[in-house]
Amino acid sequence: MKKGTKLLAVSASLIALSLVTNACGNSSSSEKTTLQFFSTKTENAPTYKKMIASFEKQNPDIKIQLSSPSNAGTVLKSDLAKNSIPDIMAVGGDVNYQQIQKAGVLVDMSKESFTKNTMPQYQKMITSISKGGKLDAVPYATNASGVVYNKAAFKKAGITKTPTTWDELIADAKTLKAKGITPFELPFQDSWTTMGVFNQLSSNMVGSSWIKERKNNKTTFVSTYKPVMTKYLELSKYAQKDYMGTTYNDGTKALAEGKAAMMINGNFVIPQAKTSKKSADLDMFKLPVNNDASKNKVTSGIDVALAVSKNSKNKAAAMKFVKFMMTEKNAKLYNKEQFSFSAIKGVDQNDASLKGISADLAKGDVVNYPDHYYPDGFDMTQVLTQTGVNQTKGMSDATNITKSLKKADSAFKSANVK
Amino acid sequence: MQANADLNNNTPAPRKSKKRKKKVNWTLTSVMMVLAIFAILGPLYITVVIALKDPSQMTNVLSLPKQIHWENFKNAWQMTNFPKMFLNTLFITVVNVIFTIFTNSMAAYVITRYRLKNKFFNMMYYYFISAMFIPFNVIMLPLVKEVSAFHMDNIIGITFLYIVFGLPQNIFLYSGFVKEIPTALEEAAEMDGAKPMQIFFKVIFPLMKPMHATVAILSFMWTWNDFLMPLVLLSNPDQQTLQLAQYVFQGQFSTQYNLAFASYVLVLLPVLIMYVFFQKYIIAGVTSGSVK
Amino acid sequence: MQETIKRKPKRKGKKIPFAYYMMVVPIGILFFIFHTIPFLRGVFYSFTDWSGYGTWKFVGLKNYLYMFGNSNITHAYWFTFKFALFATILVNAIALAIAVGLNGKIKYQNFLKAIYFLPYMLGSLIVGFVFKFIFGNLLPSLGQTLHWGFMSSNILGTTHAWIGILIMTIWQGLAFNTLIYLAGLQSVDPEIYEAAALDGVNPWQKFMRLTFPLIAPFFTINLVLSVKGYLMVFDQIMAMTNGGPGNSTTSISVEIYTQGFQGSQFAIQSANAVVLFIVVLTISLIQLRVLNKREERLG
Amino acid sequence: MVEINLKHIYKEYDGNDNYSVSDFNLDIKDKEFIVFVGPSGCGKSTTLRMIAGLEDISKGDLVMDGKVINDLAPKDRDIAMVFQNYALYPNMTVFDNMGFGLSIKKMPKDEIKKRVDNAAEILGLTDFLQRKPAALSGGQRQRVALGRAIVRDAKLFLLDEPLSNLDAKLRVDMRTQIAQLHQRLQTNMIYVTHDQVEAMTMADRIVIMNDGKIQQVGTPDELYNKPTNKFVAGFMGSPSMNFFDAELKNGRVSNGRGLDVAVPEGRLKVLREKGYDGKKLTVGIRPEDIHTEQVALEAMPDAVVSAKVEVSEFLGTDSMLYSRTGETEFVAQVNARDYHKPGEEVEMAFEMSKAHFFDDDTELTIE
């Protein structure tokens, strides 16, 4: 009996303690204006934290609470359901943005002063996926897809010049393979990485108007995408053996260590690869999809766009923070730390690792990710991982391509409701 | 009418005293031992070893670390905001266990005792039992909406939900036990002048101790290891739990095994420590809870 | 004075004091508000086109009809049933074998029991992460060193990914089932075996004719709980494969979560959840009926 | 001064058309030791529980000291009760078990201690006060249950088959103890049992019940010697009374299957007055009223039968002879000196002046 009482006393004091700490957390912030800042990318949190710290110094009456959960989509969706979205949101130009935009809870950014400083082609990427063609988020950072390659590995294989045509790419791959270096490291265990390859092929081979026709059932994957899938499968033939079982983390590691020479994905591969080997000498070039080098474009999309909630109680303060983030100084900081490209005019990416494509980006000579226009429930990665499994199982390419594209069509059809 | 089992007559049935010294089967012992070490402890060994290494030592995963990298724990500790998450999780778990035991045992007692005499309580019994079959997925999104309308999307709110949501299973667990308690005990207490609340808390509640242990363990495990409910309900980063924090390491663009595994160890450790100390009670509790 | 008082005959044994109602009703109401109402709303939404936010309208049975025509959803059912079947059979068979082993004349019995029960204490999420690592890094590198073809690639990246999930599920699920079987085995009176020994029964007959029937109630518990749990399999899939490759390991729960919560098919997946609820309930009830009958026959 | 009146008390349960207890009438005087006896399911426990307040009274009035207490909660009735299985609180020590009722009433601690110590003294439990019930023997638990009632100092004691879980020897001991306790406490006690020996040895008055109805109320002597019906006659006494279906003819009763004995003049007169001459009736005679001594055979020559002993039990002072005359079986309880082996033919005299006669239809005693 006595033991029980003691236990009860201990737990009671524990409850009290937790209550106090929880309550304290709330009360200390209540005097200030507190803004919720939500980010869909977990890995840029440290950079945001730096910006928040200097902003709070300048504006002692404003406190910013950063939240950057790993499964941002789910959290955002439940926030929407709760009807209480964060004051400021940093989202990619993708489904996450589309969902909140469609719900009509965002402030129109087109009139803001800082918007004028952003590159028009990136503004268009936002408006093109917005309901009513509105600019409900201002583009902030963009990413660029291409081929991240290990310079040392290329050197070892005796390759001196990065390929500019498809045939050159395949030839280089053959050379690398002969030297015992994996040409392409494809980390398809993490299914999202399949899109890194597919998007680049697709954006360079299929016109941007195709998706509209597909949505209206005027065309199909089967009728259009055979060449794309052929190249997709050809690339995978030069991948490491267990490419369906390699995780993104392990893939970037192999790339950094020079076991593999190339990874077809975005600029964000570079900082990740460097976590496992700091000294890795990496650069990027655009994926030479076509044999006519002039037709090859960098696939680039909105990595981060900033949006403000219509229902925010502190809209002015929120806008102030967005404006702060949009300043050249902060945009540069972001570029430097995240190896990304800015949507803001005049803020260039000068990192050596990215010089292979930064020129294209600065020119604005880019195409957007096709999957940003896919309907909500359509998951192309599911189709592509199945394709990969089919291949490793030994299915013939012709059958595999037909099967995969048929599956893509039926999945598209069931997602393309309303 | 008075066919109740006699709780007082619980002198253990005379043990079959033919405990002849049986010969130990060493072959079987070694088979079971080897299986336990490799199959069960193996994955745990891997977890700990990885947590203690740095990426450069990962070439031979199974080897013991040449150099122990405690800073993995330090980094994981910081990256997951461990102290805060730990306190949050502890708060949810402890408060849930305490309140579950008091409120759920009370409801289970009354429902079990009176369900054969009273249609209302019988109905309640079937109501709760059938609720056991409702997958959480079905109620997830409507729940999120409702909970935020009540401003309960925080630690205290979720704790409250755990207490309420545990009811069906706990009523199921307690009811088997309550049936075994002779009604004469309550009648004796009634004759002694006790009011219903006094009867429950002074006579019945202490008797339910073995089942309290079971319920406490199961509730603890549930809340400590749950992540779907905190995931959808707790959006404020200061209000999250340890399991949720593990997701930090599963972000799209970064997975650092050594840190992640150090963090897993940090989450598993409290449970393991508890298991080492209370292993006997936990095993006995879970068995009695499920077999009754 | 008292003889004039005429009382209406009461038909109840004894009136239940108000306090007892107070011990159930408040928490019952809370349960109704926070569990039943969301459930009913979920059922309600399955007849609408609500996407989790914004406006909605009634669509009748459209979502249910859509479900049957959607290959992803039908595949999820097929996968879930296959998984639940294999997991239930394997977990129970292996658990029974371990329980028989632990119940044998072995030394360090309590220590071994504690070890075998350990996985039950660990959350599926983290165990899933650990196994993902083992399948993705440890086994392939081991397989490559040993030149074992089947082990040189990550099973989670093949059509056999579900076997990887199955292995992790067995690893974790064994603990509970073993414990229950062990409790069952220990409840058997040793005199029965002594009598059987006198009748000249061989070990296999002993197990099939005596032990197994005697632990039938424990078998029922394990089977019902296993099937129910595995039909709702979720955590380990999210941790290990996210439903892939392709949608080969997408269980019903994962489908509901990913498509209903992250995609915009909330209403359709509400319908799916309602169907899942009915499936789980029906299977559990059938099992209880069949197994209880069998138990009676044996008992 | 406690007087309890039960007036036309009825009990019916849901879904059961028959009354479990019907028309129960009893006036209990101050300090009386009343025993309810009857076969299991006869309603004696239900009646006790209605008095305790553990069951509602369906119809009728329960009056205590002139006040109707039907709707009074058990705790307000000032009644103490001892349960069949003792119902000791397993989580409390003996001391706490006994003091529980008092502490619920918020009695000062030292007063509780005084009372518990006192009760423990009386019951010889002083050394066990700090033990839990599980560590006590059956008899000790029994005494704790009694002690718990004693300390309450209640107006009325109810005991529900308190000895049924004890072994035979202990039961006899406790019987005496309870009787002594009643002497000492001078409170009303109602004691329920199915054991007629307990009833006979302990009661001031016995209430014998069957099928929810009172069969007879009276002192042990009255019930034994003047049972009002066949049920009471058969229930009281061990071994049971021998019953024969017989016909009264020419001053003799015979069943045509071996029994044929004369009825003494006085009894015959009554039977004839009631019109049973030449009619069927039931004859009852207790085993101890069948004799084998020479003196008896000579004294009652027209009630002697010749019987064959089939089983004989030697009980020390007495012998039980399970015998048969013609096709009629009966038991005789004779002096141990008159022991007979099975198979022996023995002459036996029926002491018909002590016989009981019952109407075949109503089963009531003819008198």
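So that you can tell them apart, the chains are marked A, B, C and D in the order they are listed, and the count of residues begins at 1 in each.
The definition used in the following text is that contacts are C-beta pairs under 8 Å (C-beta built on N, C-alpha and C of every residue); 3 or more make two chains touch, one makes a residue touch a chain.
Treat the numbers as computed from the prediction; the structure is a model and nothing was measured.
With every chain reduced to the mean of its CA atoms, the largest distance from chain D is reached by A.
Among all pairs of chains, B-C has the largest number of C-beta pairs in contact. Between the Cα centres of chain A and chain C there is a gap of 37 Å.
Between the CA-based centres of chain C and chain D the separation comes to 58 Å, rounded to the whole angstrom.
Separating the centre of chain A from that of chain D, both taken as means of CA atoms, is a distance of 91 Å.
Chain centres here are Cα averages; for chain A and chain B they lie 38 Å apart. Among all residues of chain A, those that touch two or more other chains are 74, 78, 81, 83, 247. For chain C, the set of residues touching two or more other chains reads 12-14, 52, 137, 261. Within chain B, contacts with two or more other chains are made by residues 141, 147, 195, 232, 250, 257. Considering their complex, residues 12-14, 16-17, 19-21, 23-24, 27-28, 30-31, 33-39, 41-43, 45, 52, 98, 101-102, 104-108, 110, 112-127, 129-131, 133-134, 137-138, 141, 171, 176, 179-180, 183-184, 190-191, 218, 221, 225, 228, 232, 234-235, 253, 256-257, 260-261, 266, 269-270, 273-274, 276-277, 280-281, 284 of chain C touch chain B. Those residues of chain C that touch chain A in the shared complex are 49, 52-54, 66, 69-72, 135-137, 140, 152-159, 242-248, 259, 261-265.
Against chain B, the residues of chain D that register as touching in their complex are 41, 45-46, 52-54, 74-75, 79-81, 83-91, 100-101, 104-105, 133-134, 138, 141, 148, 152, 160-161, 165.
Chain B contributes residues 1-2, 4, 6-11, 182, 184-185, 187-195, 198, 202-203, 206-207, 209 to its touches with chain D in the complex.
The touching residues of chain A, when paired with chain B in their complex, are 8, 11, 14-15, 17-19, 21-22, 25, 41-43, 65-71, 74-75, 78-79, 81-84, 190, 192, 247-249, 253, 268, 272, 275-276.
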